[in-house]
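Per-chain residue numbering starts at 1, and chain names A, B, C, D and E are given in the order in which the chains are listed.
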């Protein structure tokens, strides 16, 4: 996991201020801005399918960032993230349905409520480490899932609940084209908040706890507080992601927040790169696009000679499933440190080009 | 009261089965610190293989079952060599993700090969059920209980005294050090995967005989997580004890539930509450080794 | 101003009649495909001797040992040029466990004992590659060298630093290797223990006929125990010779042994001007 | 071409029933195309396996519902995805035919007394889960009398705490009470196979007489087997997706005597005028025409044919738009698609009531001896028989709409 | 400044410390020596709060801190380095040192996330400036942005020291700061320690096995053996103590002086 830090040449910092910006170089900042601008234009030229995928990446990416703060930055594995995601979704719907809180307010409030739940389930983190903690979060997954199925007043029970679309001053964000902007803004904001968090005191403390908790404690970091807090923060992101999901689909049902979903979240951050903020987004995109890509590819096979030769027919679904698994495996075999790492290497290569080793 | 007693007996019998699966988890963990999310699919592969030998080849059980075990042994080695070997030395979490990938692949492959319908095993024992303390129990459960006790004793000895067992533990502790001692990390891993696959097959066949084989059977893989953790991730005895506890807990919780609480799925959730409670008192499970924390 | 030995990248052939056990020829080591750590390092270890390898932090001493034992691979490092021969056989690129079987055993920096096992289990693991029946006897032998290891029956992780070091050396003895690569065995040991450990190293070399390549910061002790020495800086050997020659070299005296001809210097007045090494 | 979307679960958690159902839909649509399609225009059917994962269903739906060739109708599947899509299909006005028979989907206006959300574009073929259970309980009450059971029969609802098994829970318990059952506390068991001995011992101890199995076949089999082992003598009532030929084979003798609702008037070996067409359709994917098709296949064919006839009508009456197709669904009373007489059961949809079918055909699985052979043979040699025991007509009570 | 009264520490069957009492004066450079396994690190752990004495009390600046958590003690002004490196391996050197400032920083996860709006940025930069001074002092400018885990041993030790200094401690505990260093590097390190003590006015507790360094720079020395204090006093006094010589330096009352001298004889 050795990290090669390459500081770009020809881009000298003249003050500590410029040395602590989010983007290490002006080019990278300009690229990021360009990226956001391009995204803003998306609804103009993309159809709903692509938009819906981007929306998915948006809300899943926010939740995944929370998980990465927990797993990648603080080093506490969680296999219960989808339950927090679900809690956020139900909470936002409930705030709106039951208390009439406007959706625009219900979403952040749902994040706050989920934070509370995260803090409760973060209590074991003060004592448990590694996989023991991971399985405790698995318990959280099942306990919350059970709660969702039971708490009729909150979730509508196993039947699920309706979530109204987001409306601001009478303008309803109820189409993909409109909702896309909601998710985009939320995502940019959440990612900037996350980046800021990680470069200030509490963020550093979280990483310190991951890397060496004993010495972190002696450096003045309250382990219990930060371990629990990281659950809270992670739940906050999950809650926001879940709330955005709820008002996108306009219907929330227990069924979706299963352990498999939690594992998918883990996949996103592992493939994206643990402890990398932009990696999280890349990993989410990977996990969202991969099945779609495989679907498209297998569709191309369908009806061809290969199809008849292998007698695939409806079995083509299994071929697709297997390809998804195989791509994940191959990816990790060749890039076990995740997309962010690969991305870093590509950047380093071009920075040093043509003199790279 | 007889109901309670019968539930207790049933809990122990089913718990032993959880114990077997938990052991196969622990085995891989002990050698490589990898949590195998494809464990459930190992069960499934074992069950389907045996089913196929017994139905398509009409082999008798006493022949088909050992062949299954041999196949699983080879399967474990091949899997390690082909997929997991390149991952040696990579971050554990990435390897865990690979096992998740494997589970997706196997799940789909099994459905492709054997179809999506549950299929029954041919009858194996002359008496499909037998009486254990007044409770009718599937014979195969009882047999697997015996096998699991044997396996557990074997592993206990293996890790404490045998040269290879020590080497496996060393590999888990620190691969670099293990290599510096002349231990081939690859061999250790291959061995642990092979044995684990084999042990899983025992459980897979048992479940298959009882309920029929279908891809949903792989769910057992995740179901035994609490058992593994309760006992302590790196303890063979812990795995079995954890399995028994979970088995009994499920049944007792169901009893309480059906008699008084009427909450519904206490039997599914109770192990998790108890799990958290136990972990708060014993953070490394009942028998897990504590990390040594020195600065 | 100072004497002869400025930059001698390739060591002159060992003059003694003894057989060469290990020779490292002009190797280059790269970590992570980018960081070049060893740049054309050569050294030779004759059979039956103790050879010391000295150098500053980060010079690449540990890297050299890992290159020989093959453990480099496990750290994303690679020998990109040159070769390493052991008993006439080229061994670069071979897996570490196979190298152990050939008779090279590395005692790694920082002890690296298996802390969740007992002393005895650690020692038994040292003998992992052996199939003979002498393991039991050797266990007793190690206990004779280090009696206190026998007393400690708890987990090795709770041993004190010195005890762990003993355990690490004992583990190497259990393997009955031909060549032991020892990385800073005296680190963190009390003066008494340092003496003891060096005594034992010499004893092992003498009694068991094991060749030893010793990396040390305690140059004084190392050059006392060794017959030959190499001094490396920045991934290259910059000086080599018999232990005797090195002990008398002015630079070595100043930078590694402390004090030139006069009284050893006091650390108290260190704030004064510092002289920098000049052979690089 | 007429774009049609078809969501199927071929690889996911419900694939054991999803595969035959989807096959039925696919074969039927392909057959219709081979006969000229809809008023001479072919349907372009896009069959997609979504692995029973709602998010995938949604993105697939978005793909279908955008761009130039928007689908005009959707053949869907599970509860989670159907409910998630309800709002979307409502807004996009795309009729969606699902494999989920949740009572919620029967309320097009959302005015039902149980506060379900409007589902104006959702249709399914068959009795809703709730109505099916009402029918079976009505039968059970008679059965109890017929058998001369003493006292009140005891009824228990079994299943996971999950939308699909739960959908008819309250409806069932309510009518059970009305019918004079003693309603025991519900017994839960997971959707996956496992050891359900504890559940069976409880049933035995509590002396339950009738139990509804709300889950799909996989876990249902585990319950049947466990109860057989411990000797719990309960009359099990399965749900549409919980019992079929394959499940009967897998459960073996344990499935003997289980009753369940059937959506078609006959099984594959049954005799009806419509079976000729059914067999023709089957040849689309089985040229030899020898395959045995389970009940879900036939239900899939019927569903596809209702859609086909609605498309036909809409095409002739103003064009293939969502609202027109929806209107088409309301055109006939006791509607049986042409050619499938005696197979598909007469159904009626109205603007305010999407309970298409209220007649519940109750069948009993009779399983004998060893079930090692293929389903084909087992049915042929009579080891597995699905026999009709009764038809219960569930009244269309307004207060049951959407529930 | 600091006082230990009758400290006992037991791990299961192992008595790591037995009834150790001593005091450290403000501004002192106090060394603890003793054979391996004597309990030196354990003693330091008791001071920094990693271990709680099974018996006895420790006082810091006149307060009883026995039951206080390590993180609390850090904010009271106790900093330390570790015998076996304990850096945050995946963080940059700069971040490692900034972690040392933890208790001096005010912003939290909320204000930190809002960076520009809450003064978090200003605070960070102010502290960054101070950290840079420490970096200059320890001459590690060139590795500022390097990941700590890839540094060589000697540099890591220096970064650890920097991190401990960043806490602005009044009492700094150094556990074998010079282990694994060659003479030249030891000189550098010794210079830093002396500077810390004399110029920054920090009270220093140092565990070290190199007697040369210990004798040269420490004001007072305490000797532990098997968890018991066997001597305490001026370096010369302690060195003259026969028990210390036997137990620690390994001399059998022969005519040899300190080991360094002994070796020197041969070399010369």
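Going forward, a contact is a pair of C-beta atoms (placed from the backbone, for glycine too) under 8 Å apart; a residue touches a chain by one contact, two chains touch by 3 or more.
Chain labels with UniProt names: A, B = Branched-chain amino acid ABC transporter permease; C, E = ABC transporter ATP-binding protein.
Nothing here was measured: the structure is a model prediction, and the numbers come from that model.
Touching chain B and chain E together: A, C. Within the contact network of the assembly, the step distance from chain A to chain E comes to 1. Using the mean of the Cα atoms as each chain's centre, the chain most removed from chain C is D.
Distance between chain centres (mean CA atoms), chain A to chain C: 48 Å. Centre-to-centre spacing of chain B and chain C amounts to 45 Å, using the average Cα coordinate of each chain. Inter-chain centre distance (chain D to chain E, centres taken as mean C-alpha positions): 73 Å. Measuring from the averaged C-alpha position of chain C to that of chain D gives a distance of 75 Å. Chain contacts: chain B has residues 108, 111, 264-265, 268, 294-295 touching two or more partner chains. Chain E has residues 50, 82-84, 86, 150 in contact with two or more other chains. Counting partner chains per residue, chain A has residues 1-2, 146, 150, 214-215, 218, 315, 317-318, 320-321 touching two or more of them.
On the chain D side of its complex with chain A, the touching residues are 8, 10-11, 19, 22-23, 26, 48-49, 51, 54-56, 58-60, 62-67, 79-80, 83-84, 86-87, 91, 104, 117, 161-163, 166-167, 285. Put simply, chain A touches chain D in their complex at residues 47-49, 51-53, 56, 146, 149-150, 157-160, 162, 174, 176, 249-251, 253-256, 291-292, 295, 313-318, 320-321.
Contact residues of chain A toward chain E in the complex are 1-3, 5, 7, 16-17, 19-20, 193-194, 196-197, 199-205, 207-208, 210-212, 214-223, 229, 233, 275.
Partner chain E is touched in their complex by these residues of chain C: 35, 54-58, 109-110, 154, 158-163, 184, 187-196, 217, 219-221, 224, 247, 253, 255-259, 261, 264, 266-268, 270-271, 274, 277.
Here chain B touches chain D in the complex through residues 3, 6-7, 10-11, 14, 17, 55, 108, 111, 116-120, 122-123, 128-129, 135-138, 207, 210-212, 214-217, 219-220, 223, 250-251, 254-255, 258, 262, 264-265, 267-268, going by the rule given at the top.
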